[in-house]
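Got some structures for you, see below.
Below are two complexes that have chain A in common, paired first with chain B and then with chain C.
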Partner chain A sequence: MTINRDIVITEVALRDGSHAIGHQYTIEQVTAVAKALDEANVPYIEVAHGDGLGGSSQQYGVSLTDEMELIEAAVSVCKKAKIAVLLLPGIGTMKELRQAASIGAKMARIATHVTEADVAPQHINLAKELGMETVGFLMMSHMVPTKKLVEQAKLMEKYGADTVYVVDSAGAFLPHEVRERIEALRQALDVNIGFHGHNNLSLAMANSLAAIEAGATKIDGSVRCLGAGAGNTQTEVLVAVLERLGLKSGIDLYKMMDLAETIVAPILKTPQEITRNSLVLGYAGVYSSFLLHSQRAAERFNVDSRDILIELGKRKVIGGQEDMILDVAAQIAENPISVKK
Partner chain B sequence: MPKVKVAIIGSGNIGTDLMMKLARSDVLELTAMIGIDPESDGLQRAKEQGYEVIDTGIKGFLAKPDLADIVFDATSAKAHIRHARLLKEAGKKVLDLTPAAVGPFVIPPVNLGENLDAPNINLITCGGQATIPMVHAVNRVSPVNYAEIVATISSKSAGPGTRANIDEFTQTTSRGIEEIGGAKKGKAIIILNPAEPPILMRDTVYAVVEDGTMDEEKITKSIEEMAKSVQSYVPGYRLRTQPIFEGNRVTVFLEVEGAGDYLPKYSGNLDIMTAAAVKVAEELARNQLIVHQ
Partner chain C sequence: MTINRDIVITEVALRDGSHAIGHQYTIEQVTAVAKALDEANVPYIEVAHGDGLGGSSQQYGVSLTDEMELIEAAVSVCKKAKIAVLLLPGIGTMKELRQAASIGAKMARIATHVTEADVAPQHINLAKELGMETVGFLMMSHMVPTKKLVEQAKLMEKYGADTVYVVDSAGAFLPHEVRERIEALRQALDVNIGFHGHNNLSLAMANSLAAIEAGATKIDGSVRCLGAGAGNTQTEVLVAVLERLGLKSGIDLYKMMDLAETIVAPILKTPQEITRNSLVLGYAGVYSSFLLHSQRAAERFNVDSRDILIELGKRKVIGGQEDMILDVAAQIAENPISVKK
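This part shows the complex of A and B:
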């Protein structure tokens, strides 16, 4: 039986949420969450290290559990839901993509910085050959004007992506900016358009709705906001809001609320909220996974983590450059005044 | 002094930068630049400089094999697989600047003298040339169980070859970290940053040493000495800060400013690759000239 869905939600807590818990997912947690999401009729569940396949590293954080084992665990308990994986060329390789496909991943989301789509064709082609559904995932979309975004999205479409996502990795977009970009993509592309938000400015829901109004049909959410920074559009809330709008997500609202409360909430040491640091991520336009790294660096060098994040924003640091955090923290510690203004 | 004749296949960023460096060599004489696009900037410049220009690719060179004894390949990993075979049949010595990894690896300050007899020598990647010396510098003091490198280069300095080869970059660099750097396990990450003005090439090396072997003083000294060795042929190579020691892990922050030969100074990644290639070729040429005398 196929479910008719107006909006297709991908649940990212088991990938994006990996950042929020320092990549410490256990097989038990992933199994329990994936099983409950499947029972709630969530169509796609993303599972991987926060920085995608192959992300387990000194640079981003070492995974407690091998991500392939987590993917296998999720696949094993999903009757209908498809497991998606994220891959950032330059971090992960086709080898990991093949491995993920061989153990049952059905969707490949190939992520590049918004100006660098041309590192993705090899990986998109391979995903297609492996029979996977493909997504071109343009990260840090807020850093470029709409015209550039359209140009890069068209490349993703040309490489064979079934869907192209506007990814607000920093949670920096305002709703009118999202609307303008999705409208432009809607006109320029034939493929599906998606939106992935972060709630650092408390705008993930507003931005997701702006995206939907402008023609996006694929939206990412994280249950209980279990994602990097202040988390993503909160999935169970999105399901409720879509219902109020008369749009079908196909997801069971009660089951979604229950799993959020009883299965996902206990995974978080503290509930996700917009702390001063996550607020600064959105305000300064910095990659959301920098949150915990900058807090650690601030402690180590005895500086204000907000200063580190603001400085990283000024230097136009992009996703994946976690090594810049220590570097900038050390510089602020050495010379606090020159960096400040 | 007699010189050894060399040619370059590939008229992109790396090939063109290499062309400019070879013009300064005492022992190498660039004779020909080989490409497939007569309109490319590299072939245009080669023509202006008076080098023989071949725009029909490797076939054109194989028709005139006496042009060079040593051939630099600056195309792409995929193309190199085919070139390697054809050049071997033609009896040419090949220095491979793609991450194809057909031949043995050479990182000048670590193993310059080794593998000179091999018909095909591979220079790993720009990230490998910048970071493997540091892995080796740590490993010669304390055994490295795991080394990871992150190379961040400006988008502008990453041409289509680099972009099409991004998996080969990480895989070949990882292998080089193990085989030449000496780490038991290696991992490489590459990031392309589009910021304007373009950023200098930056590299971060994380090395995790065996329990109980960390010697901060000796490692710091070894790293500083290694930086000097690399600086002898890449003047813009430098340590950004003192190494950071945390438990069994040492982190080294590097920056590579280019010589500004073809692309501007931000492209340290081109520089370190082409400078290493010239260094190896000059070593080969000197040996060859001695043998001939």
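This part shows the complex of A and C:
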């Protein structure tokens, strides 16, 4: 029986949530969560290292359990749900994508920085050859104007992505900014449009609704907010809100509430909330990896780490440019014009 | 020096947050929080039992510390911030209002069920005689159509309220519903309009922004979400979001972040999050006091407590009608047409 869905939700707790628990997922946890999500009629469940396939490393955090074993475990218990994997070209490779497909992953989400869609075509092509659904996943979308975002999204479409996602990696978007971007994409693209939000500014739900109003039909959520930073749009709450709006997710609300409470909540050592660190990352709109570097630089130069992060956000510094952090700290120390009001 | 504020925030953690900690505030906690809020330039700080002045009782929960002592403590450390009190006629009396004014409270928020503004005039009059700013606080505003809400708000204005608040006690509103109501009030009233949200549907921030867009200038927040249910609009996050929108709250963002992290977070035994119970209350749009009754009735009649709560919400059952809960449970047991999809 096909389930009628106005909005198609991808549950990301078993990938994005990996960040929140230091990549310590066990087979038992992934099996229990995936089985319950499948029974609640969740259509897509993403499973991978937090930084995508191949992310397990000293740099990004070593997984307790090999992600391929986690994917196999999830595949083995899902009767209807499809398993999705995330792949950041440069971190993951064709080899991991082939392996994931061979053990049953059905959707490949190819993630690039919002200005670097051009690294994605080979991986999208391979995913299509492997018979997978494909997603172009434009990370840190808030860092570019709408026009640039549309240009990059059109590249993803041209490469063959079935869906293009606007990804608010830092939880920095305001609802009107999301609305403007999704509307522009809706005009420019023929493929599906998705939105992936983070809750650093307590706006993940608001931004997801703005995206839906503007034409997005694919939304990511993490049950119990089990995602990086302040977590994502809380899936079981999203299901409830969509029902209130008369939109069908096809997901069983009571089962989602129950699995959130009894299976997922115990996985978290402390409940997800908006802390000072996650708030400042969302407010500054920068990579979470900048946090620790900025705190160290702040100590060295006797400045406030938040001033550094906000300045990095203004300068649109991206991952790989961490050397800028010391420069910015030194400049603030020399010329302490506070960036705050 | 007068601080320029586009949006005037009232911090409610020391009143609404009392629910979240079982009314166990100590003098030391209230002193520390109020002092830090004052130093961060928060203009109004509400202090009282969670159910308002006089709420300490077996029925509503016995306060560890007499609320008048807490109010005195807060008044004594605030150089600029004004202390507000909440009063629900029927729970609190004129006597407590006089006492609160005599020890330095400067704002009286007179709270009634959204259909019962007519119990407020005496208390508003007294507050004005005592030289206090006055607020008409319309609780459970989601339970009535906009027209009825406007009628009741106009009563509050007629009685002399300086501000009328739309209060989303159950965290049940969706943003478009808030927008419609605030717009209607903006047309109908000359006084200030306020919004008090709860986060049960992860929409407290979205609803606060919708209220502001529609003309509200007074917004309640609770630092670190320290409020009843899933907590309120998170104050330090609201301050950050307003800055991003170019709106002045007059509050120091860094100081708010710091006090949230170092002074308020340690007060919470477990961080605030959206649990199954708070979600179902927001989804059903019912009083939190119905939860335990419904769970007991559900056990007795072998039905799902959520079906009871949702049916109570549909029937717009209000506080004092708890006897309806058993009736509804019995009816669901006899005729188990699930209300869920």
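Keep in mind that, in the parts below, the second predicted complex is superposed on the first by the 287 of 341 C-alpha atoms of A that agree within 3 Å, B and C clash if a C-alpha of one lies under 4 Å from a C-alpha of the other, contacts with A are read in each partner's own complex, and residues count from 1 in each chain.
In this text, contacts are C-beta pairs under 8 Å (C-beta built on N, C-alpha and C of every residue); 3 or more make two chains touch, one makes a residue touch a chain.
Since this is a predicted model, take the numbers as computed values, not measurements.
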item: Partner chain(s) touched by A:L201 [first = chain B, second = chain C, both, neither]; value: second
item: Partner chain in contact with A:L253 - chain B first, chain C second, else both or neither; value: second
item: Which superposed partner A:H113 touches (first chain B, second chain C, both, neither); value: first
item: First (chain B), second (chain C), both or neither touched by A:L149; value: neither
item: If touched residues of chain A are counted for chain B and for chain C, the larger one; value: C
item: Contacts of A:E273 with chain B and chain C, given as first, second, both or neither; value: second
item: Partner chain in contact with A:L189 - chain B first, chain C second, else both or neither; value: neither
item: First (chain B), second (chain C), both or neither touched by A:I310; value: neither
item: Complex contact set, residues of chain C against chain A; value: 174-175, 199, 201-206, 209, 224-225, 233-234, 236-238, 240-241, 243-245, 248, 252-254, 257-258, 260-261, 265, 270-276, 279-280, 282-283, 304, 306, 340-341
item: Residue ranges of chain B touching chain A (in the complex, touch as defined); value: 146, 148, 150, 152, 155, 160, 163-164, 166-167, 169-171, 187, 189-195, 202, 204, 206, 208, 240-241, 244, 249, 251, 253
item: Touch list for chain A against partner chain B, complex; value: 57-59, 89-91, 93-95, 113, 115-116, 118-119, 121-123, 315-318, 320-321, 323, 326-327, 330
